[in-house]
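What follows is chain A paired twice: with chain B in the first complex and chain C in the second.
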Partner chain A sequence: MNPRARALDALVIVTLVTFPFWLAAIGSYTELATRVVVMGLAAMSLNFLLGYTGVLSFGHAAYFGLGGYGTAMAIKFFGFGSVPAMLFGMLVATVAAIVIGALIVRRRGVYFAMVTIAFGQVFYFIAFRWNQVTGGDDGLTGWSRQPIDFGVYKLDIAGNDKAFYYFVLCVFALCVAAMARLIHSPLGRSLVAIRENERRVRFLGLNIESRIWLSFVISCFFVSVAGGLYALLNNFIDPRALRFDLSGNFVIMAVMGGMRSFWGPLFGAAIFVALQDYVSSHTENWMFLIGLVFVLVVRFFPRGLLGVLTRGSAA
Partner chain B sequence: MTLLRVEKVTKRFGSLTAIENVSLTIEPGELRAIIGPNGAGKTTFFNLISGLFPPSEGRVRLDDQDVTALSPEERVRRGMARTFQITEIFPELSVIENLRVAVEMAEGHSLSAWLSPASKRAVNNRLDQLLTTGNLTGKTDVRVGALSHGDQRAAEIMMALALKPRLLLLDEPTAGMGDQETYNVAQLVRRLHRREGLTIMLIEHDMRVVFNLADRIMVLGEGRVLAEGTPQEIAANEDVQRAYLGEVAK
Partner chain C sequence: MSAAIDRPMSQLILFNVSNGLIVGAFYALMALGLSLILNLSGVINFAHGGFLALGAYFAYSLTPFIGFWGALIVAPILVAAMGLVVERFLIQPLYGTDPLYSLLLTFGLAYMIEDGTKYVWGAQSLPFQPPKWLLSPLSSEYFFLTGYRVFMIVIVFAAVAGLFGVLGYTRLGMRIRAGTRDLETVSTLGVNTRVLRSLNFGLGVYIAGLAGVLAAGLLGLSPTIGASLIMPSFVAIIVGGLGSLVGTLLGGMLIGVASGLTAVYWPSATEAVIYVMMGVVLMVRPRGLLGEEGRLH
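Presenting the complex of A and B:
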């Protein structure tokens, strides 16, 4: 590992761990930090497929939203605790990804991206229409995240912002460590190889479709974790968490931050969330500014903002 | 036992017949060259053998088993490996990473999230062997896209070799190379054939390479077999001279 990458790892870890303490000093609040971490996890999960397998999905919000709705419904209807509820959401989203992935994996490139949108919108309309269960357009209310009871100690993620932030950060750390492990394993290298040259991989004896399917499922699994955290963060979920424009935002975060660098999507998510927070308090047209920044980044940093740091063989 | 038996394959693309009724057998240990003018259907013939697309008619047998309906990856698992006219490698990755991917896939590790120290050692030993065979030892960390033509080709051949194939198909291994590089690649092919006993089939334009290396030569012209035989027989064949060698000799 090169020392520059190590330094960046350390910088990211220190920043994330100390986030809530200095964020107040620059006039912000803990919930914003939590949102950065949640969106960062979503963008990094998408990037497992986009950056490390070379497959573009415009439908990841579907699995993000399924994770979120699964979590919310498990709390509201089954009386689950926060963590079991998240596990339930992850299960629902991953099963959906397993089935849908198998249906769409034969499509490639822009066709793949199109069918991911189509399937994503199916879930959006279900959530939008099925009022009795999902709350429809108004979203699912009447539930809230529950403190986590470890027996000897109760972690009050419901009442304490900072406690919830560190809970989210722990989940984030587990997911990110698992993704890093996978990326630097033979499995991860086979995915990068598909990104680099599908034909060569086929002629090394690998079935491309089943491998892309696997990468899609892994990526959707992690994005569903982010979706569960997102529902817990807001104590609320509505159909916009499933909609394709959110999928597009994940792509923007990943590309803006740098899809060939491990931390790039997190960086992109931080900029996205911060801009959204700051600009939307001044104007409704905050998306305009994000679009402008996105265009400038793509024009002047085609490898993304962190991409300049990781020139070379990013495997 | 005959390693490869191609039986009367024909390939039509719409109204164009690229390959017509071509048969061929390859015995273990053989080094066979396929020559012919541009557009003779040589690469199409390779694609039929390696499974990139199916023939319109005819069969392909490997070890007397019909593989006509099998995908390229299934044929690879049965011992066929190939390189392409335009090198197919992972340009953004380093030489060692290119080979590592190939070795891990060949050793069946490509689904693992973790390798035991013993497997890791085995992979690294195999990598050292391949680097030495391909004369790439000094370039392990170089991005493969930044290598010379000849070294990229050597890397591609080593990736195919990582699969421990029983039949290696090389599509114009010296295409676009200068004299020195052509010589180096030809030497590499000769080593693989002589020292490792590999069965090799190659398409080649450079006649010095062909007549130096091949045990037998098959000449294709407009999708049909014009002649087949030892280099001496082919050099003496008047049909071949007219159709092909003549135009080169001019």
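Presenting the complex of A and C:
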């Protein structure tokens, strides 16, 4: 690990830990910081598949939303606490990813993207149409995140914004550490090898399909964690959390920050969330401007922010 | 007398099947254009629905000046011209890069077109009237068979026949088909593949524009008219089989009828059923109904 990468790690950690404090100083609010971390986790999870395996999924919002709906329903209907509810959401999303992943794993490139987009929409329509259970288009309301009771100490994530931010940050840290371990494991190395030269890896006798499937499931698992946090953050979830445009936003976050760098998607998410927050409060035509961002990033900035900054030193 | 008692149910089914066929025709038109572009250039044109919406709105704005028939001819040409500009300045520089980039670019473009149409024509849906004489039902028993629907089917058939004619019997079509198999060789043989890809893109977008004019007359105008048609078009391509235009056509009609029939028996599953069909096809026959084996990867 080179010194520049280590310095970047330190910078990211210090920034995230002190986030709510200096964000308040520049006139913003804690919830925005929480949203950056949640979206950052989603984009980094997607990048496990996109950047490190080289497989283009355009349907990750489905698993994000399933994680969110699972969490929300577990709290509302089963009376689960916040953490068990998230575990339930993760389970639902991961099972869906296991089944759908097995169906699509033989596709490559644009075709993989197309199939993932199309499959993502199934869950959108289920959430949209199954009113009695999901609340339909109006979303699922009538529940809220619960304080976490550790026995000796009760963490009030329901009432205290900062407490919730640090709860989210802890979950983020666990997930990111796990992903970093996976990337540097033999499995992760073989995924990068598939990205670089699939045919050669196949000739070396590795089972490409099962590895891509595993990468897809791992990626969806982590994105469902982000989805659960997202539902807790808003105390609300609606079908838009499952829709394809959110999948597109995840991809642009990863690309904008830099797909080939570990922290890139987090930076992309920060820029995207800040931009969306700013633009949508100043103009009605924010969709046009977000679309313009897509076009400009692709045309003039395809390596992403960290891709440009760390050129030459990246792995 | 049992036929008389059965009639309401059979009429309902017929009504929904004919609805399904018409919606399927839209899916097929959209999917054919998408397929053309995808097969030759490897680009998923996410903005395809946006171009369809533009066709509809252009027709709306043109009708007061040149009438419905004029708009039916001019609007798709305008859309194709816009498509050519987009292809030349935005998509062409991305050929040869990771397909991710063209997908993201057209995705952003879809946002821009949708919001742009909202800005220019307003977010509410607008009425769009085809000629009066086309709107009256042809039979009192089968009330749903208006002249406009028959006319639409005729236009769709003509468009599809025209497309297959162009592809099958013209020099351009021959080159497009050849380029779909092996663009490099076509280029080596002295064909300007840059122009070929542009024309092919224009052709695909033209069909979307035409579908837009027809859809405006049937569904009315709203900025999301294209966005609601693009996902089923993807499904049509996957079900029909990648690389096969006949398959795409078949896939579009098939999922249209399937969702039409589902509307009779289980209305809430109308949208979801086509995705279930896609799942079944991918499980039983991964290359799609008429797809080519080599296109699997």
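Everything that follows uses one rule, which is that the second predicted complex is superposed on the first by the 301 of 315 C-alpha atoms of A that agree within 3 Å, B and C clash if a C-alpha of one lies under 4 Å from a C-alpha of the other, contacts with A are read in each partner's own complex, and residues count from 1 in each chain.
Keep this in mind: contacts are C-beta pairs under 8 Å (C-beta built on N, C-alpha and C of every residue); 3 or more make two chains touch, one makes a residue touch a chain.
Here the structure is a predicted model, which means the values were calculated and not measured.
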First, second, both or neither for A:197, with chain B first and chain C second = first
First (chain B), second (chain C), both or neither touched by A:69 | neither
Could you look at A:187 and tell me whether it touches chain B, chain C, both or neither (first, second, both, neither)?
-> first
Chain A: partner with more touched residues, chain B or chain C | C
Applying the touch criterion given at the start, work out whether A:164 contacts chain B, chain C, both or neither, answering first, second, both or neither.
-> neither
Which superposed partner A:118 touches (first chain B, second chain C, both, neither) | second
For A:251, select first, second, both or neither according to whether it touches chain B, chain C, the two together, or no partner.
-> second
Where chain B and chain C land on the same part of chain A: residues none
For the chain C and chain A complex, residues of the former touching the latter = 38, 42-44, 90, 93-94, 97-105, 107-112, 114-116, 118-119, 231, 234-235, 237-238, 242, 268-269, 271-272, 275-276, 278-279, 282-283, 286, 295-297
The answer for chain A against chain C in the complex is residues 50, 56, 58, 100, 103-104, 106-111, 113-115, 117-119, 121-122, 125-126, 128-130, 244-245, 248, 251-252, 255, 285, 287-288, 290-295, 297-299, 302
Any idea which chain B residues touch chain A in the complex?
-> 50, 71-73, 76-77, 81-82, 84, 88-94, 97, 100-102, 104-106, 109-115, 143, 159-160, 162-163
Over in the complex, which chain A residues touch chain B? Could you list them?
-> 181-182, 185-190, 192-193, 196-197, 199-207, 312-315
